[in-house]
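Labels A, B, C, D, E and F are assigned to the chains in the order they are written; within every chain, residues are numbered from 1.
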Amino acid sequence: MTDIQGEFDLMERNLYSAVISDVLDDLGYTYKNRVMRRDIRPLYPEAVVAGRAAPVLATDIYEIRENPYEGEIAYVDSLEKDDVVIASTGGSDRYGIWGELLSTAARVRGARGAIIDGFTRDVKRILEMRFPVFASGINPLDSKGRGWIVDHDCPVQCGGVLVNPGDIVFGDLDGVVVIPKKDAHKAISIALKRAKKEDLTRKMLMEGAFLRDAYEKYGVL
Amino acid sequence: MTDIQGEFDLMERNLYSAVISDVLDDLGYTYKNRVMRRDIRPLYPEAVVAGRAAPVLATDIYEIRENPYEGEIAYVDSLEKDDVVIASTGGSDRYGIWGELLSTAARVRGARGAIIDGFTRDVKRILEMRFPVFASGINPLDSKGRGWIVDHDCPVQCGGVLVNPGDIVFGDLDGVVVIPKKDAHKAISIALKRAKKEDLTRKMLMEGAFLRDAYEKYGVL
Amino acid sequence: MTDIQGEFDLMERNLYSAVISDVLDDLGYTYKNRVMRRDIRPLYPEAVVAGRAAPVLATDIYEIRENPYEGEIAYVDSLEKDDVVIASTGGSDRYGIWGELLSTAARVRGARGAIIDGFTRDVKRILEMRFPVFASGINPLDSKGRGWIVDHDCPVQCGGVLVNPGDIVFGDLDGVVVIPKKDAHKAISIALKRAKKEDLTRKMLMEGAFLRDAYEKYGVL
Amino acid sequence: MTDIQGEFDLMERNLYSAVISDVLDDLGYTYKNRVMRRDIRPLYPEAVVAGRAAPVLATDIYEIRENPYEGEIAYVDSLEKDDVVIASTGGSDRYGIWGELLSTAARVRGARGAIIDGFTRDVKRILEMRFPVFASGINPLDSKGRGWIVDHDCPVQCGGVLVNPGDIVFGDLDGVVVIPKKDAHKAISIALKRAKKEDLTRKMLMEGAFLRDAYEKYGVL
Amino acid sequence: MTDIQGEFDLMERNLYSAVISDVLDDLGYTYKNRVMRRDIRPLYPEAVVAGRAAPVLATDIYEIRENPYEGEIAYVDSLEKDDVVIASTGGSDRYGIWGELLSTAARVRGARGAIIDGFTRDVKRILEMRFPVFASGINPLDSKGRGWIVDHDCPVQCGGVLVNPGDIVFGDLDGVVVIPKKDAHKAISIALKRAKKEDLTRKMLMEGAFLRDAYEKYGVL
Amino acid sequence: MTDIQGEFDLMERNLYSAVISDVLDDLGYTYKNRVMRRDIRPLYPEAVVAGRAAPVLATDIYEIRENPYEGEIAYVDSLEKDDVVIASTGGSDRYGIWGELLSTAARVRGARGAIIDGFTRDVKRILEMRFPVFASGINPLDSKGRGWIVDHDCPVQCGGVLVNPGDIVFGDLDGVVVIPKKDAHKAISIALKRAKKEDLTRKMLMEGAFLRDAYEKYGVL
């Protein structure tokens, strides 16, 4: 991508996860786990994020270690422009790995949002700052003595999808899609066209057409 | 019902699922599974729907069949005035069987809403059009190559309740109730009276009364 | 506490569950189950409650008993100023133990809110009256013939936490924390200070600091 | 039943839960929840039980009450010849409500077995005494301070089936069926005939017949 | 495969699912879902099966259709030598799709076993005939009015693995592995060699060696 | 303990988890999570183990690391006489962390058994060698590229119980109990006496006594 940021802005303004998912189906990614589990939800309905995956992997621990936050700090301070936090706690139900101060620090570094397969906290303030956080749960417990960063910039499983560093992610109210980097331009361009066909279909339906006729004419549904 | 539509409008304006559920208890339907599982939730808090059940049954498939949408199209184009879509995907967690274009097409045919034991997508646009959709989940994946319509106008299980074509359904923020058709008029009339007693109870409580005295006076709780 | 109500008002205005949870960690309550399961959620995002735990314990039954509501009525009429309802239905998925008339009656007695490990109903009206109810689900079914009050003013397990009568509870959008009574004053005072450090950390981050430097300066995260 | 015990012995020797379930389907009980959830399993493969349901209902508590076992003792000492224990702990995962001493005491009173929607303990000794116990789990924790008998000789839900005192229950390696008392004789007599047809079908299949021909001849499958 | 049956017999005698799974890892199938979910369990510990996948797909229905068993009959009568039944009921918890008469008919046609993502019944008799059945549950309820065959000889998902007609399956006490047909010969030959290295490792360990030295020598674990 | 091994042998011969759990209740450990979750099951009914906890902690990873087994090897080679393996994979459903070669190596080092909050494989051979393994599941997948040892000789959560290095564990067909080290002698001595009272109670019941009388005489149940 010659102009990555412009592309991400364009995606956030004009695309939605359902149309991207449909395009990935047509490009042959059907059955290939490109859409995260439905329990990864945005914290607010208008949340939209597109960007470059920056994964981090955590595990449960059961004692307070020295420098309990060293992994979180190193990870967040390493974030770059247009990154999207992709964090996995391996399904832990013991703590919130993400929160408002991390959101603030991540945004200052240039990150566009966060997808958390795990819990988040400080939700009220995250809502106020409108940082698009998607998470599988909300919980006030801190990571100290409960979670530990195993690694970052490594492959992780997030919402059931294997995410590699640099993959393109897109999230909105319908869910989160992971786009194969090499097909990203192509997928976006097809998705924009497809969205237009959906607009025409909708218009035809609202004028009273039967679904069969609209689908025959535009081929989308 | 001599004036079905009037009745449905009346229900949507004046009743709520809890009072209907209580009346069904008193009419002897206790323990008889008339209320859907609590994970069937409205997409927005103000969603209210009353109407005639129009069931459709889907199953999971694992290959792209010819004419992948023929079942959905035939079903939606067959909807009539005052119908409520009742769709069951048998608990599939692989795709969204409902979306915004189907909502638009259904509304044009006269449908009043949709109850989906399965996932829906295009939620942002469904919120904009204020079509009362209740679903057990949200997910951007399309049904093509994932789901297939087995039949429509047949009994289905939706949210744990066996729903037959023509049953009366009512949904609001508390959940979804299925009313036996033959007792619908009676249930509505009793429910309207009961709602008034609840208003009187509330008034008495807000004036400082103990619950015991209010319950002894009006007999509702 | 010499001025209990003032303290609860202060807590509701200035504290949040995450900072209280962190303070309890530092006071040695780590691993000790002071935070409820994440499925106990507030009915609306702004809900905040602090107060004295008033537990009630229910069990499932399968027949309509005489005086079906006698336990609920006795319990609600016994509530006192600054109490918070703590109700447990033992994970029942069959009925809503809480609703709007009970909320109204409880508020008139002086209760500040309700934490329900179970279902609630009449949610639309509870939203209107802004009574802070936290529950693990929503369902229109009544307790008559389904639930029975075993006891009140006894220890209960709510959201996975053992709550004793008189414990201090605090709930907001992040979740619900149970504070040991004997350390309540201390915890509140430390939490207020900690909240200020978080404000300073946030400010420093927004001015562009790295997380490492902000954490080294203020020691919170 | 003129000779109840003879009937139960006959059932245990000659019938099995699958054929009884099929007969109940044909008698019109389809969809009516006559078969318990599949997680109610026998402790050993040869366990078979037929008898009269003697239900008992327990709830979770969180303190040690006076006379912690008074409910269990009263219940077990009240058992009569040909009874089958039907115990429900409401899905508690905290303790084993049944064990070997209760099994011994129940057998001495004449009980034929036990169906536990909950946990059992002392499994090694129960295996040795060959008392047919079916349970949804195994756990060494005692009921003292954890469970409390709410009532016995009352309707309970066990394995998802509403069981009334006096219902006929039958359990084997496939699961547990609850037979409506009024149709018990009829169901048993039809089931014995049906079992014979299955024997003939099996014989024909083993001689090389296609399933279609065997089913056309005997009408069972 | 020039001598398919010989190969399957050889596999059943000399291989086990863990060594096959390891070989598939080394051939590059890691992360590719070649091992079924762990809840697909053999009915008896000695059950072993190798053969050619013959898939069948069922869906839940809620009414008794004409010729309720026509799909099951057509499927079982179509089975050929060395087939293994691969049945999926889409996670239904309402009925047993497999049983003893179907096992008898399948064996007579030449089938070597059955893998059921769903429930089975008549378990006692299946144990007696030693037909290797693997299933995700046991339940006495019949499919009539509950399940319907959608298709057979089509791709299905079984135990979380996409299985195509003709894939090679292997099941034993550890679980069920699906081997890509094109690599079957290669995988078997490597697996046989690897099994020998495991024998040597075991011998060395039993003579007192440390694991580090045994692993350095033979490279398996 | 002056003669630790003798003590463990004695425990395995004469005690059972239920009586130890009862004694821990009486010593004041009620409600304190000393009994593991019921899904940690022995691989064979006669499995019994007593010994000293040697914990190891694993996390999920998603790439093949260099020296993929270095953590397992270091851990197993560090085991000492009378140790019991306590392994936690944090609820991973992706691989078996334990198997037969590790069992063989562990036994040679003097370990008495293994408790796995996670999956095991090679079950057929583990059954043959009669090494008492308890696990929450069975699965043929290897840990390479799926699991990674985070630490050993550290606190872990296993079956819901926090286990510290050196704690005493006891497992049998009823489940697994963790005994506080400082009270181990006392608990064992009380448990042996209590087991005798249970023998007397059983004898009295088998002679026809009512439970009430037997409980009044011996005080156990």
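Here is the rule we use: a residue touches a chain if its C-beta (ideal position, glycine included) is under 8 Å from a C-beta of that chain, and two chains touch if they have at least 3 such contacts.
Just so we're clear, the structure is a prediction, and the values are computed from it rather than from any experiment.
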Exercise for review: Going chain by chain, each one touching the next, work out the least steps from subunit A to subunit D.
Suggested key: 2
Check your understanding: Is the contact between subunit C and subunit D built from the same residue numbers on each copy (over half shared) or from different ones (under half shared)?
Key -> same
Review point. From the centre of subunit D, which chain's CA centre is farthest?
Key: A
Practice item. Could you please state the distance in Å, as a whole number, between where the Cα atoms of subunit A are centred and where those of subunit B are centred? Key: 31
Review point. Rounded to the nearest whole Å, what is the centre-to-centre distance of subunit B and subunit F, using the mean of the C-alpha atoms as each centre?
Key: 49
Review point. Centre to centre, by mean C-alpha position, how many angstrom separate subunit A and subunit F?
Key: 41
Revision key, fill the gap. Contacts with two or more other chains occur in subunit E at residues 31, 62, 162
Study note, to complete from the structure: Chain pairs that touch, by label, are A-B, A-C, A-F, B-C, B-E, C-D, D-E, D-F, E-F
Check your understanding: For subunit B, which residues count as touching subunit C in their complex?
Key -> 16-18, 20-22, 25, 30-31, 35, 37-38, 41, 45, 172-175, 177, 198, 201-202, 205-206, 208-212, 214-215, 220-221
Check your understanding: Across the complex, what residues on subunit A touch subunit F?
Key -> 57, 59-63, 90-92, 148, 150-151, 154-157, 162
Check your understanding: Tell me, which parts of subunit C touch subunit B in their complex?
Key -> 62, 64, 69, 72-74, 76-77, 93, 96, 99-102, 104-105, 108, 119, 121-124, 127, 137-142, 144-145
